[in-house]
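Sharing a structure with you now.
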Amino acid sequence: MQSLFNSLDLQFVLGSLIKIAIFWIFIMLVVAYMVYAERRVLAVIQNRLGPNRVGWQGLLQPFADLIKFIFKEDLVPLAVNKALYMMAPVIVLVPAMMVLIVYPFGPEVPLPFGGVLSQLINDLTARVGLNWNVDLRTINLYITNFNVGLLYVFAMTSLGVYGIVIGGWASNSKYSLLGGLRSSAQMISYELAMSLSVVAVLIQIGTLDLNEIARGQGDWFGLRWNIFGGPTLAMLPSALIAFVIYLISAIAETNRVPFDLPEAETELVAGFHTEYSSLKFALFFMAEYVNMTTVSVLATTLFLGGWQGPFVEQFPWLGIVYFLAKVFFFLFLYIWLRGTLPRFRYDQLMNFGWKILLPVALFNIVLASVLGVLFL
Amino acid sequence: MQIENLNLNYGAVAPEIIAAVTGVISMLVDALSPKGARKTNAVISLVGLVLALLAVVRLEPSGSYFGGMVTTDPVRVFFSVIILLVAIIAVLLAGQFLRDEGLPPGEFFTLIMFATTGMLLLASAGDLVTVFLGLEIASITTYVMAGYRRYDVRANESSLKYFLLGSFSTAFMLYGMALTYGATGNTNIAAIRAIIGEGRVEHPALLLIGAAMMLVGFGFKIASAPFHLWTPDVYEGAPTIVTGFMGTGPKAAVFAAFLRVFADGFNVTASPIGAQLQSTWISAVAVIAVLTMTIGNVIAISQKNIKRMLAYSSIAHAGYALVGFVTGDFAPVAFYMLAYSIMSLGAFAVIQLLARAGDQKTEIADYAGIGFETPALSFSLAIFLLSLGGIPPTAGFMSKFFVFKTTWDAAPHYRWLVIAAVVNSIISIYYYLYPIVVMFFRPLAPGFIKPRIATMTTVALILTLVGTFYLGLLPNRLMNALGQGQKAVAIQPRLGDR
Amino acid sequence: MEIVHILFLAFAALAVVAAFNVILQRNPIYSAIGLIVVLCSLAVLFLTLYAPFIAAMQVIVYAGAIMVLFVFVIMLLNIREEESKTDRQKYLKFLAAPLFLALLGMIAAVVKTVGNPAPRGTDQLGSVQTLAEGMFTKYVLPFEATSVLILMAIVGSMLLARREKAEDVERIEQALAASQEGAEATEKEEVAA
Amino acid sequence: MVPLSWYLALSAVLFTIGVVGVLIQRNAIVLFMCIELMLNAVNLTLVAFSRFLGDVTGQLFVFMVMTVAAAEAAVGLAIIISLFRNRETLNVDEADLLKL
């Protein structure tokens, strides 16, 4: 057992756990304030005030909401399938959170007091007889590096659909079931276009490793992003088409306006989570916003250069600022769309996905391959 | 693996490419023509099949291509010809079937063409991967074809049963392939043969279990006992023309792969493990052959429904063909499958016409007295039945003779198998004669009208009749060709020589 | 005992339990969930075999596409628990137990012969590059063959699962009636005679 | 490193469970799931051999198996839907218009 504690694996596990905890708190804050921001921005768009009472400008509103969610009565309808009904929100949230471990939030950064900290840890572990050689002078701003990171992201995203469909079915209510079925059909349909759109970018960069992808966009003063064609400007057309397809299908994937059919109030009450209340509803709610965040993070990494930007090489911590700025841009886009666009009809949605988006994505792969063969 | 070493020769897969492209063309034609293109598609498919036939005949003599995925040898050529003949006859029959039943016209031809692609791939497979893929393309298409008449519960059930048991057997086959791969470190059949011959098998137990699993898989696919239970239900429920098609084409293709994997890949006696493997599988196949023909024939006697009867008869025929396996030689099996395919398709073609739309009349009692009302049909049916029973001078007799004679000469240890087969074929004559008796010597049931016969159907019937007599009367040329082919492949060493 | 052993044992146990769940549940949806768990734990086991690409594909294709289809169909048809009315297949249950034991015996034999060889593959064996090279050189023909397979599956499933259009129903009924009428017409003639 | 025999044993156990499931289950859709389980067990065998033989063929084979499984699932579920439309049950014992 001593050897187990000495092994690199354990250090890796412990290190990862700490990082995961930090990331988790961070993402929860993002989600909380995303909700707040959504309400305020929508209010501005609709010419009203929005929540501004709890704390300065309503900044403590998310915590008030959280407390409300926790203390609300947890109703479990009689006819539900108990086990699945309980499981569904968890199944939705867990894959959504699991995606986060592969995203690079920034370059390798020097940790303030890193040298002192590693010295301290090494001394302490040596005292219990362990021989750890921790080096914390620089740290990576990602949890783990995975050479098929992009596929991992798609794998996890594709699991989220179960929570929705099972939640809809277990509720034993027709609105929920219809919402769940609609949602799963929608997610499957748009996942295809989304994955295919990414292929065009993959042709430019030739790797599935998200870190490599981010690192590869650093030329031109940190502006050689994939949306501009990555290695060669000649790929610009295919990259732009891919970006647009990705954006559209990402919005559909996350069931947001104008593709929020699964929870169309006018026809389906609240869709798959009609029968959920209190904390379980909060989990669904959270999952939706986590998904929005992760989809934005992926868009940032794939198309907008991830943490790359001017002066990142000189000041590595600047990377994380650029990164968040780009992510928040996408999140703002979501809110903006919600404030502006009406909802699609269901048949329009399906037709759009299968008859327009998918063929365009397929065509784009051909375009990208031709351009790649000619210019790369 | 360098591209240059792969031997990418598109001529070597020309038949498969032609079949697949024809399938796509017929699909597009059907999609783009407003009312469905039954006739156009039939013509397109026929042209495609004839082209594929030409491509098969013009295949380069032998060799392996695409990194060993495809092998050209006499086995491939002969079985490809059988498959394409079956497909041509099926296309000829399909036109009337689709019109009489009012079924969606275009897709049927597309399915036949894709199934043909799969079967051709299966017959040419030089690697376990291509065996698997060819098998799946052919089987999955046939599942769909079995359920083609989708308003009909019987067809749905038949399709479901076929699908479930087919996939079940595929899983066995696949597990066998995985274990064989683990034991030999290779999936190429020729390489596996070489490795077994040199005794470089790392885990002999794995190889034996793998071979057994694959035997189970193949046994399911060719409907041999004790894996035959799905056959009668599936054959009865599927539309008659599909029954005819799936009882002949895919079966012949599976026999080709079966021959290549077992009679070629696992037929090496140079090393101890090879010898053990060979003697094990050959005795297993012999036992399966006897079981298959006996069960098929005995149960066939008690059948009241002609499609079920022919289903059991097809089980029995698989047993006869398996007898040829113990020679370790492909020629008798190939000849047998050719003869069986032609006469069986002919019989199903007549039954399709007599059963009417929706397969309403398939009881043998329905055939009472029709003998002289529709003489053309009933005499054809009689001839096909007699041929299936092995009466000279038909194809059925000659093919049985060829198989039994070769086995008797080549494998002295297995003469008991030949005796069992001869006894069985004598029993079988009883139930083949019964419908003939009903047709010609019972009073006509009221309400009989002559079925309409379309031109294409007539052509198909004439083709099968001519084939039946040609193979029965003038088999020499074909047999000589087979004999030469057999020397060219030299699937060796024969069991009798041991 | 390394961490990888613990991982293997944990996920192997999970897979086996979930597999039993697949076959012993009466409600199809629980079976489906069991199968999803098996698939995901196998994906983890693929990772321990240094096959990350296959692991990702396992989740994307099996768990993300195929099983969604299953769950979708179960919900679409609203298949609930089914009490069986007939027991014709009961003998199969008695067959199952000895078969299970026989196969387990076989497994023991296999495991004993295989032993514990050292892995010969490098850790790069399952990388995307290696797989892609194999796929587009030696496996190019099977790869193309799968496209035929998938095209055929699309045609076939559309054909079987779409609803009959009104005109289709009409045409089929006409065709069936035509053959019936023919029969009745001759019957009448005979009666008249 | 986890020994090869562990993987093979697990895969064989899963395969066996699948086979038993096919024998004891009556619901067509669950039966089909058992077959998928068997295919997955085979995939594990193939990947394990691929790793221990140092040969990429096994993993490529798994690709083909996955493709086939997807095609099979599409067609199989379509068949199940078309049967269900015509007779509201998926109990294979009751699919007895065609007797054994």
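Just so it is clear, A, B, C and D label the chains in written order, and each chain counts residues from 1 on its own.
Operating definition for what follows: a residue touches a chain if its C-beta (ideal position, glycine included) is under 8 Å from a C-beta of that chain, and two chains touch if they have at least 3 such contacts.
Everything numeric in this text was worked out from a predicted model, so none of it was measured.
Asks: Please check whether dropping chain C from consideration leaves the other chains as one piece, and if not, give the groups.
Replies: The remaining chains, counted without chain C, group as follows: A | B, D.
Asks: Using the stated contact rule, I'd like to know whether A-C or B-C comes out ahead in C-beta pair count.
Replies: More C-beta contacts join the chains of B-C.
Asks: Find the geometric centre of each of chain A and chain D from their Cα atoms only, then give the gap between the two centres in Å, rounded to an integer.
Replies: One centre to the other, that is 33 Å.
Asks: So, what's the distance in Å between the C-alpha centres of chain B and chain A?
Replies: 53
Asks: In angstrom, rounded to a whole number, how far apart do the mean CA points of chain B and chain C lie?
Replies: Averaging C-alpha atoms per chain gives centres 26 Å apart.
Asks: Using the touch definition from the top, which residues of chain B touch two or more other chains?
Replies: Counting only residues that touch two or more other chains, chain B contributes 129, 133, 136, 140, 143-144, 147, 150-151, 159, 179.
Asks: What are the residues of chain C that contact at least two other chains?
Replies: Chain C, residues with two or more chain partners: 53, 57, 65, 76, 106, 110, 114, 134, 138-139, 142, 146, 149, 152-153, 156-157, 159-160.
Asks: According to the definition already given, which pairs of chains are in contact?
Replies: A-C, B-C, B-D, C-D
Asks: If you look only at chain C, which of its residues touch chain B in the complex?
Replies: That would be residues 106, 109-110, 113-114, 133-134, 137-142, 145-146, 148-149, 151-153, 155-157, 159-160, 164, 168-169, 171-176, 178-179, 182-187, 190 of chain C.
Asks: Give every residue of chain D touching chain B within the complex, in rising order.
Replies: It is residues 8, 15, 18, 22, 28, 31-32, 35, 38-39, 41-42, 45-46, 49, 53, 55, 57-58, 60-61, 64-65, 68, 71-72, 75-76, 78-80, 82-83, 86-87, 92, 95, 97-100 of chain D that touch chain B.
Asks: With touch defined as at the start, can you tell me which chain C residues reach chain D in the complex?
Replies: 4-5, 8, 12, 15-16, 19-20, 22-23, 25, 28, 31-32, 35, 38-39, 42, 45-46, 48-51, 53-54, 57-58, 61-62, 65-66, 69-70, 73-74, 76-77, 79, 82, 84-89, 92-93, 95-96, 99-100, 103-104, 106-107, 110-111, 114-122, 125-126, 130-131, 134-135, 138-139, 142, 146, 149-150, 152-154, 156-161
Asks: Taking the touch rule as given, give the residues of chain B at its contact with chain D in the complex, in rising order.
Replies: So the residues of chain B touching chain D come out as 128-129, 132-133, 136, 140, 143-144, 147, 150-154, 156-161, 163-164, 167-168, 170-171, 174-175, 177-179, 181-182, 185-187, 229, 232-233, 236-237.
Asks: Quick check: in the complex, which residue numbers of chain B touch chain C?
Replies: The touching residues are 1-3, 6, 8, 13, 20, 23-24, 27, 66-70, 99-104, 107, 110-111, 114, 117-118, 121, 127, 129-130, 133-134, 136-137, 140-141, 143-144, 147-148, 150-151, 159, 179, 203-206, 209, 356-358, 360, 446-449.
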